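Listed after this line are the structures, all set down as structure tokens.
Both of the next two complexes hold subunit A, though its partner changes from subunit B to subunit C.
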Partner chain A sequence: MSVRDDLAERVGVDLEAIDPLRVALYATLVGLVVFYLSPLESGLMTALKTEAEFATSPPFVPPTVEGFTLEPFGVAIDTLSSAILNSIMLAVPATVLSALFGSFAAYGLTNFEWRGQLGVVALFIAGIFIPYQAVLIPLSRLWAIVDTQELLAPLLDITVFSAQVPVLGTVELATHPHYASIINLIITHTAYGIPITTLLFRGYYKKLSTEMLEAARLDGAGAFTVYRRIVLPLSMPMFAVTLIYQFTQVWNDLLFALIIIPSGSGPAAVATIALNELTGGIIQTFNTQMAGAFVAALPTLLVYVLFGDKFAKGVAGGT
Partner chain B sequence: MADLTLDHVSKFFDDGGSKVVAVDDASVTIEDGEFLVLVGPSGCGKSTTLRMIAGLETVSEGEIRLGDDRMDNRPPRDRDIAMVFQSYALYPHMTVRGNMRFGLEESTDMGDADIDELVEETSSMLGIADLLDRKPGELSGGQQQRVALGRAIVRDPEVFLMDEPLSNLDAKLRSQMRTELQRLQEDLGVTTVYVTHDQTEAMTMGDRIAILNDGELQQVATPLEAYHRPANRFVAGFIGEPSMNFFEMDVQGDELVGDAFSYELSAKSAEAVEGSERVTLGIRPEDVEVIDDAAADHAYETTVDVVEPMGNENAVYLELGGERRFVATVGGMRRVEAGESVVARIPEDAVHLFDATTGETLQNRSLESADLDAPEANL
Partner chain C sequence: MSTHILKRLLDRLRDGGPPVRTDGGTAAAGSETAGGDSDVGSALSSLRESDAVRSAPFWLPPFLLMGFFVYGAISWNIVISLTDFGGLTLPTYDPSTFDLEMYRRAFSDGQFWIATRNTFVLLISFTGLSLAGGLGLAILVDRGIRFENWFRTVYLLPFSLSFVVTAVFWRWMYNFDSGLINAFLRGIGLDFVASKWLTGSIDTGALGAIPLVPDTFYFKLFAVIFALLWQFSGYAMVVYLAGLRAIPNDQYEAARVDGASILRMYRRVILPQLRASTVSAAVVLMVFALKAFDFLYVLFGSNPGPTADILSTMMYRQAFSANEWAYGSAIAVVLFVVALTVVAPYLYGEYRRGEL
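So, the complex of A and B:
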């Protein structure tokens, strides 16, 4: 009995049956996991270290007991909390609105026949390819002309919701005057989101059975009822796709925020802008920066976790 | 309840600037409670006709009336029509109950309790009461078919429209549903227009059948009338399986001369073909007699090419004059072998004569009119 056979017997595995291709596949997969996760891991480890510890150990090594601290997270949360609330107040409406309008537009452009339809679809598609940079000046001009704060004056400065939350302190949802510039940002992001969401929904609605929609019409449902009772419930997987996509886009955007929110910061600053404040001055505090990045990225992560299975369904084209 | 009338209805489509005629001047009145089958090859305009009645297509010319009310300008929801689609078109996110309730919720003022009662009642009539809380995706094709029917029945419409509702079912289920549908329609007494390309469905289900070809209505008649007294060659060839044998022949006095054989006509038939130079002689396979006596009148020596045994009968493909193939059906117990020489007799009383150019019937087979009345008992 050879050593090899002996080993095989002892571990209870038939070594002959191990496919070298499979071994290579798993090795590659493990390599990819390490490749994608190592920056995250290093970031997290850095965020949990004191500055002294950070200076003496490689970034991916976990902190020692003495070097462990949650202080960077405390600093990050303190600095970012109001900006994150602003970001939520921006990203949630902008995402929902662009998904909803995209769905409306796609329904009108796909499930009805009317003259000139294709021309309108072409405009929507063209809208996807307009680079953000090309519209920065027109955008800042537009929001200089349209005074949202004055237009919405009666609606601003109302407290919608206020509560004491541990860790975060006082959480307040109020329509401060500075919210006007966030509204500008919502409108801008909604407008820029509509072309892509329309296209996504259109692809989805094209696959809806025409006979089913006709059956609903014969059953007495008008165009809006067909949308509300048939099309909308059936497009939930696509809503998950557009919500995740748009939320990530809006949440991570810095360019529009810098242009539309005056002076780049102040009470209206969104998370991406506020994150910049953690950069520190001459001395780089990497641990608080990393903690801030984690705190700022948390909501997008949550959205993926919440809508992940529906997202997969939508991407796979299932209903 | 009222008659459904199609009055000179046409439908044109615009195909890149050129006008395509989908339905050409179709007129038919479907009586109250009648089961009319629209049958024809694919692309003949039968589905378009149905969709015009439903209001899913506009009518280019002509009128559609229910009783005296013109309805071709009304939206589908105001026509009091229910339709069963080939794909069933169920709402996948709703339960069977939801599917059946939908139409009532949208088109009536009925209360929840009344709707529930009606849905329960209809579903037990169709044998799907135990499926009410399932979704369409969990049902078999046959069950989905029943739900689609239930969704139409529960609305108690003036007219049922059915667009090839059985074509997605397997053969056995299809013949079972055929009978069931017929019985259901009889019980409910709702005017029904049923579209199919399957001539068995057309023959067995309809009170009358309307045969369409190239957008033109060829004939509207009872199934047996269409079978025995076809209005033209198209109907003669379309109805019946295996289909009628046709022979193109020249008229020479009281004789028809074809490539393979000549056929002597009686005085009566000769009179019918007078004025035509070329005619088509038609004979149904079951009317071709396979006999031994070559001396009989209208008997021809043929060679058996292929035999298709069906069990109850054999379809025998015969060669005449080396080339011309035609079909005769003989009893299933009768042994006929390929390659055998047999005598085929084409009896004159079973012969149909059509004008070769227009296809119009010149003379149908002779038949006691009582034979055509017989099926009335089954209506």
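So, the complex of A and C:
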């Protein structure tokens, strides 16, 4: 038994634990936590303060009892709720579609062998890196030429579901003409999501055992059967990663929505657009702006807090 | 456990990045024709060809959708940049009228050069600082700390937020009267440093920014870069962490046995092995810097002024505010070429490494 261990036993303290270097390390780490969370913390505190309060107290200090209010959140929820609904209608289908397409493409490009394959893979992967500015004008031209509203006229303006519900009154689920812009956005996001989802799935499919797929093939299973029976069930963990990552990407986008939604606002506005309008106005005060930021970010924050690990995998595997 | 997968994923990213090969498209077209004649002839064709046929239903539809929107749109954009498309009249796609006038106009436009210079300032300082910050974070987190997952989650959190959301937060952070940055500076007695970080101008919101003072110190751009650093250093950390975890433990041990100090160990043993992580993180960060449009747009509208204007905001302004569509397209082509010069060598390198 060394002198050091002896000492530790006598004093009853783990000497490793009070190593000054370790203390400095943890102090730095905690300091960084403060740095990374401070914009969120001071934003949240400001959102909970009255106008008189946030103008006079430091931004990171919690509100006093008199200075506390939930009104900014009320205003933010009122202003943003329909846009958030639009964002959900956009992000969910766009995410699912691009994940499915990415999985198909990765299977076709990874678990088969043919000449020219790598060239096609390269074209998929290069698609991740293009600056979207290079496609904006064609996109706005395209969606000016393709009149989705006209094409889908028979489908829009239909009441899908209508019922009398006690307390709530008439509950109606109807399609609206402005859904046409959302459909345009879904198609656009699906297309531009395919490169990254393909990359994520391809990384995963390379690890699948070739013997297993070959055995299934020798048993007479066609490409579709192999995909449906073997590859797809095995892809579920990767689907989780891809869906979570892509959902935040689509939800967070502003640029495509600016271009594709006519006049940028109105009933088809998505959360990022509505937040930009809410906070860009001259009248809105900072407490409402901060509440708006939290309301618009809530879905991605929830996804991140619940599935942070999977998000990190998507980040490391792609972007 | 999760970091293990992270690492493997990263390796996949490196393996899976071959370059753009010009013959890629032809090969794809060839396999498609093979798919057309599904008679006795194709049954006799080699296994290789039949694999191409059997895989086509899977990759071809996504390829067509993606190809139309990505490569089709880029080509269309190049064509528009050759026209005189502007205002409310529709573009005329008559090859005999195509010229490079829009590019000539860009190269003789002072604003264009200012935006280009700012783009490179942003590109280089943002990427460099994010890499340094991310590496620092990764080394700290990799020191065998407790609650590692928790710390990592906090540092990566801003990356999951929209540019719109982070811009709103930072507008408040930088607020002159009550923002946290100035509150902090005044708190530690540095009142004289407290500044109108985002200005040299007054932000009137809907009306855009009106310049008050000529900004000689790049305050505005570096205020933006600092906020972006907050948002993206967590990303660089994740990539570096994966790189650090890929280095075998015995190398740390060997360095320790040799009596190398921690600093020396990192400089001599660890850093050289992070080259691949640095390259892939740098490429992604540069692409993000080129996409920083959303952030600037929320803070400053479509005209951030000469000290923060970058090519992507200028392109948007020319096209969608001034309706100078062809001019906007030409700027977009320049932006695309900048991105290509960053990405193409990277993809080619990945391809080479994957082949070797």
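Quick note on the criterion: the second predicted complex is superposed on the first by the 264 of 319 C-alpha atoms of A that agree within 3 Å, B and C clash if a C-alpha of one lies under 4 Å from a C-alpha of the other, contacts with A are read in each partner's own complex, and residues count from 1 in each chain.
Rule of thumb we're sticking to: a residue touches a chain if its C-beta (ideal position, glycine included) is under 8 Å from a C-beta of that chain, and two chains touch if they have at least 3 such contacts.
Fair warning: this is a prediction, and the values are worked out from it, not measured in the lab.
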- [ ] Name the contact category of A:A216: first (subunit B only), second (subunit C only), both, or neither.
- [x] first
- [ ] Examine A:I230 and indicate which partner it touches, taking first as subunit B and second as subunit C; both and neither are also allowed.
- [x] first
- [ ] Identify which of subunit B and subunit C touches the larger number of residues of subunit A.
- [x] C
- [ ] Go through the superposed model and pick first if A:T198 touches only subunit B, second if only subunit C, both, or neither.
- [x] second
TODO: Could you say whether A:T64 touches subunit B, subunit C, both of them, or neither, answering first, second, both or neither?
DONE: neither
- [ ] Identify the partner contact of A:G102: answer first if only subunit B is touched, second if only subunit C is, both if each is, neither if none is.
- [x] second
- [ ] Identify the overlap between the subunit B-contacting and the subunit C-contacting residues of subunit A.
- [x] 222, 319
Open item on the list: If we count contacts the way the header does, which residues on subunit A are in touch with subunit C in the complex?
Closed with: 25-26, 28-29, 32-33, 35-40, 42-43, 46, 54-55, 58-60, 101-102, 104-105, 107-109, 111-127, 129-142, 188, 190-192, 194-195, 198-200, 202-204, 206-207, 222-224, 227, 248, 251-255, 258-259, 272, 275-276, 279-282, 286, 289-290, 292-293, 296-297, 300-301, 303-304, 308-309, 311-313, 315-319
Open item on the list: Help me check something: in the complex, which residues belonging to subunit C touch subunit A?
Closed with: 2, 5-6, 8-10, 12-13, 15-21, 23-28, 30-31, 48-49, 51-52, 54-63, 65-74, 76-77, 80, 91, 137, 140-141, 143, 145, 149, 151-166, 168-173, 175, 177-180, 183, 187, 204-207, 230, 234-235, 238-239, 242, 283-284, 287, 290-291, 293-294, 297-298, 301, 311-312, 315-316, 319-320, 325, 328-329, 331-333, 335-336, 338-339, 342-343, 347, 351
Open item on the list: Considering only the defined contacts, which subunit B positions touch subunit A in the complex?
Closed with: 54-56, 75-77, 81-83, 85-87, 89-93, 102-103, 106-108, 151, 155
Open item on the list: Show me the residue ranges of subunit A that touch subunit B in the complex, using the header's touch definition.
Closed with: 209, 211-212, 214-222, 225, 229-230, 233-234, 319
